[in-house]
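Right, one structure below, let's go through it.
By letter and in written order, the chains are A, B and C; residue numbering begins at 1 in each of them.
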Amino acid sequence: WVDRQSNDLSVVLRFFESVLRTFGALIFVNNVWSGVLFLLACMIHNQFSTLLGLLGIGIAYAVGILMNVPPDRLRNGVATFNGFMVASFVAANAEPFHGVVWNPWLLFPALFFSIISTLIKIALHSVLQHVKLPALNLPFSITTLCFLASQGSTVTPLFPADLFSHPQLANSSTQTYAGSEIARAVFFSISNIYGCDNVTSVCLAWIAVFIASPLLFTMCLLGSCTGTGIAVVLGVAARELATGMWSFNSLLVCGSVGGFFYVWNPFSCALAIFAAAFACVIAGTLYHVLGPVSLPYQALPLFLTDAIFLLALAAYKSRWFVRVEFSEI
Amino acid sequence: WVDRQSNDLSVVLRFFESVLRTFGALIFVNNVWSGVLFLLACMIHNQFSTLLGLLGIGIAYAVGILMNVPPDRLRNGVATFNGFMVASFVAANAEPFHGVVWNPWLLFPALFFSIISTLIKIALHSVLQHVKLPALNLPFSITTLCFLASQGSTVTPLFPADLFSHPQLANSSTQTYAGSEIARAVFFSISNIYGCDNVTSVCLAWIAVFIASPLLFTMCLLGSCTGTGIAVVLGVAARELATGMWSFNSLLVCGSVGGFFYVWNPFSCALAIFAAAFACVIAGTLYHVLGPVSLPYQALPLFLTDAIFLLALAAYKSRWFVRVEFSEI
Amino acid sequence: WVDRQSNDLSVVLRFFESVLRTFGALIFVNNVWSGVLFLLACMIHNQFSTLLGLLGIGIAYAVGILMNVPPDRLRNGVATFNGFMVASFVAANAEPFHGVVWNPWLLFPALFFSIISTLIKIALHSVLQHVKLPALNLPFSITTLCFLASQGSTVTPLFPADLFSHPQLANSSTQTYAGSEIARAVFFSISNIYGCDNVTSVCLAWIAVFIASPLLFTMCLLGSCTGTGIAVVLGVAARELATGMWSFNSLLVCGSVGGFFYVWNPFSCALAIFAAAFACVIAGTLYHVLGPVSLPYQALPLFLTDAIFLLALAAYKSRWFVRVEFSEI
């Protein structure tokens, strides 16, 4: 009886551990203590969306068990982190209901889209694994774009979503960037991954990455700088630059190529920075293309850039680039 | 000599049989008598487009023989039903020529796009079979979008197509739905598959599905209800809802997942309804994205939803979901 | 020592040979003397963009060596011709800098996007080879669309690109085409491939194709005629038709299907012409879809059409169509 109980307890503990690991999976970290910091950072910013996000993890876990997903993939969070991102995105991006943020009706779209994102994850994984490509947060991007767009042209949506409005282009060619805006962009880019844009949360997130892997931290920082630099070259609006929305994809790309998928060496480092630059160019491309339909580019540049670079590096087994082998990605 | 003649006769009979089966293939039915009813339903509505559609089947059959498509795929109609849909769509959606519906010049685009849709079908099948995914009516969607869009921005098209105009969004948030509109939406959704929106045709089509398989009929009805319900949640215009254009993809998805691809059980039934709900969300997404270029979403939600759900269910062989094995899909 | 030197010399010669072969790879020609004529044609039109294009070849070659691309693919130019196209496109399509065409700063985007296009080429090749599909100039299309679009919605781009503006649709339905416009369209379509629209360059290009293969020349001419004919049927603006921008994809499709990928016979010839017609329809489709975001369709119709037809023909090994086997495509 004691055994049974301790077994039950360990199941519960393992579940909580996997929930914490899920938080790290958003940024290629697999570490419980980093997870605690990420959870804290989210909680500080917005309790409602974080709680819905936790529910999203739970539902993704349940769907994973129903669909027979290998326990490993559930335990390290790669199969469930999209559920978190989707549910908390839905909670944070729906328009307030009569001014009330804690709108209980949001439970329905949050759970619905969490389940969908988990199914899309499994579907994509089953195809992409043939070319050794991870689905990353492509399911999150697809699902949230469906959430936003499906209510964009209808008359009276029950769950109105906050469409992304592009700023009017200034006529003058005198866009300048203050140093503080650029520094803020580099620092705050991580906030777009966890959806929490206050200084404390951002500091906690950076610290969480650092304690998991100083190398990953460095590559992420380099990526953030590169993305911000390219955004300046592209001449994006200073107001947008400062939110970090132009550099978070570069951050993730640089971190994943240089600090996760490939063994670090000067070549892979240079390539990671190059990839980060291209991620920002893709962001600009999608920004322009999705403009007329008022949709954000979400994390699509991350997936597209990583897909190109991982496929190109895997094609002919160049000896300068050595891929880290994972059992599960 | 008698043998030879009876052989010739049986070839002709087999061809007619496969033509009738083709009509069922649009809605996952493989039954000659249902085919007769579907043909009747189409004939009642629009003789011209039905005749062009029959020609489309013939041409698709000929292309299939030229390209060496296995006889099985031709006989049960899966390789030819896109030809029917495309040709009859072209005939029905081109603007009348000096007010005349029976425009003989429409033969050219109808045959051209029928051939193209058959080639696209073969091309897609050769790729998608690697992941055990059917092409369904994706060739129809691609081909008809090409037909519509290629003439959308040109000055004086020879075959002007009827672009899809989105209704102006009402400013008031007082969109309400009469019970009759909702009932009509559920009932008429099948009319969008065969392109015939009169009561008699719709009744014939439902009966044809029922005599082929009461289970498929039930799942289709459930899908149509689900799609209509989600469309109400999305708040689409009542006028559009009543045409059934928001629920026919859900109908097909629910029918295919719950009544065709998977052995029916409470789990697959629940999943089919869930998939039907998502198909309507994808319809809303495409409606918003294709709005600026005045294109309809055709049957794209069917393919996208079925692709996600079939891939997800096939990924880890969950014991709750058992796929029906076909020699040919 | 003499051996060593002659070896070095032969390496340099081989490099120059592969540069010349690269020019032919744009139009399915693999011939040094044709390459000389193509180079001449480009030089006559625009020295700056040609020089940057040559640099693009060099950088693509270097990336190819770093990524361990098989020497064969580098030598016959299939791995490097996208580098040329991208670099010269960037040089030719960026807005003049204070009226100066020879803008040295354009080196940066030209080299950046050349590298990217080479990586995309390798990535696509590694996936598409599983279905025996060549990537053709899809990398060029993707990369240049990224170059154009990424600067389309930003406030003050450092390298402003020349977006493609669609002509206002005439209200009258009296678009007529002079015979000279149609003849010019057929003749000048090849100019869109090499980006040089003066008569001498165009003549040189046609001659270069002819000396490489009279069959290819004939099929290209047929394709150009077909594309122009379909464009007239679609009713495109006469001013656009005359530039050949509506027929160059058809030219390439007809040349590739009828004169390169398949053994010539009446069946493959008819199919090539049919494919050329469809390429123009896809061009019209993309023209309409990309209109709201002011992007050109580049060579996307070539890839899409060739993909459909190569896949369809390969699916069931019809005896009417025999594919030429290449070691490298």
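The definition used in the following text is that a contact is a pair of C-beta atoms (placed from the backbone, for glycine too) under 8 Å apart; a residue touches a chain by one contact, two chains touch by 3 or more.
Quantities reported herein were computed from a predicted structural model and do not represent experimental measurements.
Q: Could you say what rotation angle superposes subunit A on its sequence twin subunit C, using C-alpha positions and rounding to the nearest 5°?
A: Nearest-5 rotation angle for the superposition: 120 degrees.
Q: Since subunit A and subunit B are copies that touch, is their contact same (over half of the numbers shared) or different (under half)?
A: Counting which numbers both chains contribute, under half are shared, so the two copies meet through different residues.
Q: Between subunit A and subunit B, what distance separates the C-alpha centroids? Give it in angstrom.
A: Roughly 36 Å, centre to centre.
Q: Enumerate the residues of subunit C that touch no fewer than two other chains.
A: If we look for residues of subunit C contacting two or more partner chains, we find 292.
Q: Okay, in this complex, where on subunit C does subunit A touch?
A: It comes out as residues 66-70, 112, 115-116, 119-120, 122-127, 145-147, 149-159, 292-293, 295.
Q: Using the touch rule from the top, collect the residues of subunit B that touch subunit A in their complex.
A: Touch residues, subunit B against subunit A: 131, 166, 169-170, 173-175, 233-237, 274, 277-278, 281-285, 287-289, 291-292, 307-309, 311-320.
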